[in-house]
Amino acid sequence: MAESIVSLSGVRADIDQYHILHGVDLEVPAGELTVLLGRNGAGKSTTLRTIMGLTTVTDGKVRFRGEDITGQPTPRIARKGIAFVPENMGIFSLLTVRENMVLAAVNGPMDPARLDWVFDLFPPLKKFWDRPAGNLSGGQKQMLAIARAIIEPRELLLVDEPTKGLAPAIINDLAGAFEQLKQQQVTVLLVEQNFNFSRRLGQSAAVMNDGGVVWSGQMTELADNDDLQHELLGLGLGEHQ
Amino acid sequence: MARFAAFREDKPHVFLLLLMMAVALLLMDPRTWVLLTISGLAMGAMVFLMASGMTLTFGLMNVLNLAHGAFISLGAFAGASVLVWLSSQASEPSLLINLAAILPALGFALVVAGLLGLVFERLVIKPVYGDHLKQILVTVGGSIIIMELIHVVWGPNEIPVPRPEALTGAFLLPEALPVIGGVALEKYRLIAVVLGLAIYGLMSWIIERTRVGILIRAGVESREMVEVQGYRIRLLFLGVFVAGSALAGLGGAMWAMYREIITAHMGDELMISVIVVIILGGLGSIKGCFYGAVLVGLINLYVGYLEPRLAAVATVGLMVGVLMWRPQGLIPVIKV
Amino acid sequence: MLNGMFNRILSGDYPRSRALSALLVVIGVCLALGPFLFPGVRAFSMLGMICVFIIVVASYDLMLGYTHIVSFAHTMFFGIGAYGVAMSTDVFGSGFGAVFIGIGGAVLMSILLSLLLGLLSLRVKAIFFALVTLAVAFAFLSLVTQLYNITGGEDGLAVRSPRELGPAFRPFDSTVPGFSVIDFITGVFTQGSIGQAFNDALFEVRINGRHLMYYITFVISLVVFLFLLRMVNSPFGRVLQAIRENEFRAQALGYRTVFYRTAAVIVSAMLATLAGVLFALINRYVNPENTLNFELMVFILLMCVIGGMGTLYGAVVGTAVFLLAQNYLQDLLGLLVSNAEPGSLFAELAGPDRWLLWFGLLFVLSVYFFPSGIVGQLRLWAERRRERKADKTPVASPMKQES
């Protein structure tokens, strides 16, 4: 097992007056793609948001590369090299694709070679470069959201349900993009409900329920064990999608 | 017909503007129309300066600052003080020498209002981020305090403001021109229009072309995502608030030279126009603010001529009318 | 049995603090017996203002405190009531009929305008609503100021109130004795002899129509207050509070929140109009400054917040405290600077004209540090005292039924 890039220990987190996380222990191995699974409402998205500093942590610690980042302001956490692609993609629909990307490149002008790579992965972005991002289709918006996260090298990508509502062809393109990231040894923590997508890409896996992590291990362990799937998720993974 | 409807939908601001100007032209003779339109544009330019800060603050930071009017008043008094102090330069007929009084006056107004904005944001507004009710209460209280302090420093009476010599008087249009020949266009009003357009241009350029502008537009859409990208949006807020306050002060100083008399409560009356402008124009939109200000200036002057007693009612009526037609304002940026 | 009676009158909404109860009793007694406890025109006029503004501020609290609707149009409705009576008696003479015509016209106009505001609140989000009310109120003020021929413009109108409500009307010839508490107390200290001070404190009250008007106002004020207390503790009131806490959730529970909010605005407007009517009759003079001014609107806001939002008792306390301060703080400040050099910074800052500066400062500080206002703070202290007492008792004593 690779060393952990992010670890949560005993994390309790609230959103407004609601307690969402009730003691989460999670180790995210560096250089791998870890899938975070679980029913709706289990706390998967909240876990990502907590790492990013967007929730109120009432107990426990969040560590990034050994450093305690619990309670730090979001911009500071982001600057440590963590990118977050939220469930609603979070693109700025009134800005053009170009402007979205300019903002994402916080450390200065975009590296042309890297930009070319992004265009290779996601050709529509080049096509709609000067158009408002709000005019893009769902799949294209998702591409933009991920492109923003990778235009500069990042140590950790937190991605929340990227395939939700997308056509199979686009999902395939996304999978290809993630595979390239895996080859580059970028650490990815992926929340996903799409089983095929998860199994194809996931190396490690963790299952959440009721605001806590109830199982973690290798993806293959989970994918090959129907009984375990039923126990943890109520259904077989194959029934998810 | 369909093209017309499309035009009305796509560019409601232009449509409304042209409609208003056309209706006014029908109701009065062309010479008066030219005079009133120039005056309306001048008023609009100054109100734009005052309102632009508030629409950005409200749009970007979701902060309702009802003390904005006090910043306008403060800018007016600060500018007026400098003009009085440099009255020897201001009373010279040469424009160049006048500028030695005007520029410091405007600059001082900008700086004083901006500084107050800085203090105000850190001290008064920061503790109540996110709580609109408390913001209203606290900024109303702050407004009272600032206006009372103006009384303390400058006394309770209204103060006459000497308009710099080179800016008084009017240009006469050549007699030879048809219809509008010989009309006298007040110099100060033309200057105000030019200055307003220049600042609008500058702000548009900053908003559309610079990184800061992109940040502001992004922040207006989603504060959270801007932070997620790694930007300290709080600093941006502070900067926008200070800029907005400074602009309010500048607008106040220009209004002081326009009206040539000021009281501590002038900010309150102008706030009504500012409020109508930002609601009319659409929150967070500089373009909407500009068009809104022009519309407010024009309707004030047109109705002020046709039926002076109804000028304020007409302005508010315009706001109510536009709200019924377009609840988000003419050029909505934020879904409120 | 007495407990049960209080319960019904106060609709179960007790002060919940002995200090507050005491304060309310003092205020109540002072208002009820006021003309016989405080000699002089100034005091009498202030008592009337307190009664009138209790209605204004309590109805404002219904919107602000209980539903979190911020409106700057409250003075507009107040002014409608005041000007309605003023203009009606101006045109129709000083009979009661004219007064009622005025009331009718004012109520009608208020209903129309509050419906307009309700409609606007449909179109715009809550935070815009506050600004919209500000603009509408300003337009109304401007209209009243401009239409000189109808409204008297900036000069205002004298109110020709009915003779029975005026100083000339004497229901009986003999005078009623009054006893000035303040003069008695100061007399005890300055004169030394209690008997002498007692005699000096006695004064004579010639009952006239103005007293009648005052007591009409007092009774209406009391009734309105109890009515509002009943309203906020009724199912309707609870829905308003649910909207205040979380409008979305209230909607999800099936309440048409738009109706409730508009109803709150209409009720509030009606009561403000009623208060305006009483103001016109008691003050006998209306102008834009004492009825429609933005400064007056801010005062109402101050009274509501300083007293304590969302408590209704806060309206009573806040109004009394504020009006007393407004009247007498200026005197106090004047005393403070009487020895100071005129023109010095101290004289400028502490001069009686600057009472609003200090009040504004107190207000801002209270929003930060005492957001629950006087009433809220008193209740908080009382609750803490109760909790500490409960901790101290070794055996749980049977709890007295507090309905």
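Labels for the chains are A, B and C, by order of writing; each one numbers its residues from 1.
What we mean here is this: a residue touches a chain if its C-beta (ideal position, glycine included) is under 8 Å from a C-beta of that chain, and two chains touch if they have at least 3 such contacts.
Note that the coordinates shown come from a computational prediction; the quantities given were computed from them, not determined experimentally.
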{"item": "Chain-level touch network, classified as line, ring, star, complete or other", "value": "line"}
{"item": "Chain located farthest away, centre of chain C as origin (C-alpha)", "value": "A"}
{"item": "Pair with more cross-chain C-beta pairs in contact, given A-B and B-C", "value": "B-C"}
{"item": "Centroid spacing, where centroids are CA-atom means, of chain A and chain C in whole angstrom", "value": "57"}
{"item": "Chain centre separation (chain A, chain B; CA means) in Å", "value": "45"}
{"item": "Chain B and chain C, separation of their C-alpha mean positions in angstrom", "value": "36"}
{"item": "Sites on chain B touched by chain A in the complex", "value": "211, 214-215, 217-218, 220-222, 224-233, 333"}
{"item": "Touching residues on chain C, where the partner in the complex is chain B", "value": "68, 70, 120, 123-128, 130-132, 134-136, 138-139, 142-143, 146-147, 294, 298, 301, 305, 345, 348-349, 353-354, 356-357, 360-361, 363-364, 367-368, 371"}
{"item": "Chain A - residues contacting chain B, complex", "value": "52, 54, 73-75, 78-79, 84, 86, 90-95, 99, 102-104, 106, 148"}
{"item": "Of all residues in chain B, those that touch chain C in their complex", "value": "64, 124, 127, 132-134, 136-138, 140-142, 144-145, 148-149, 151-152, 156, 268, 271-272, 275-276, 278-279, 308-313, 315-317, 319-320, 323-324, 327, 336"}
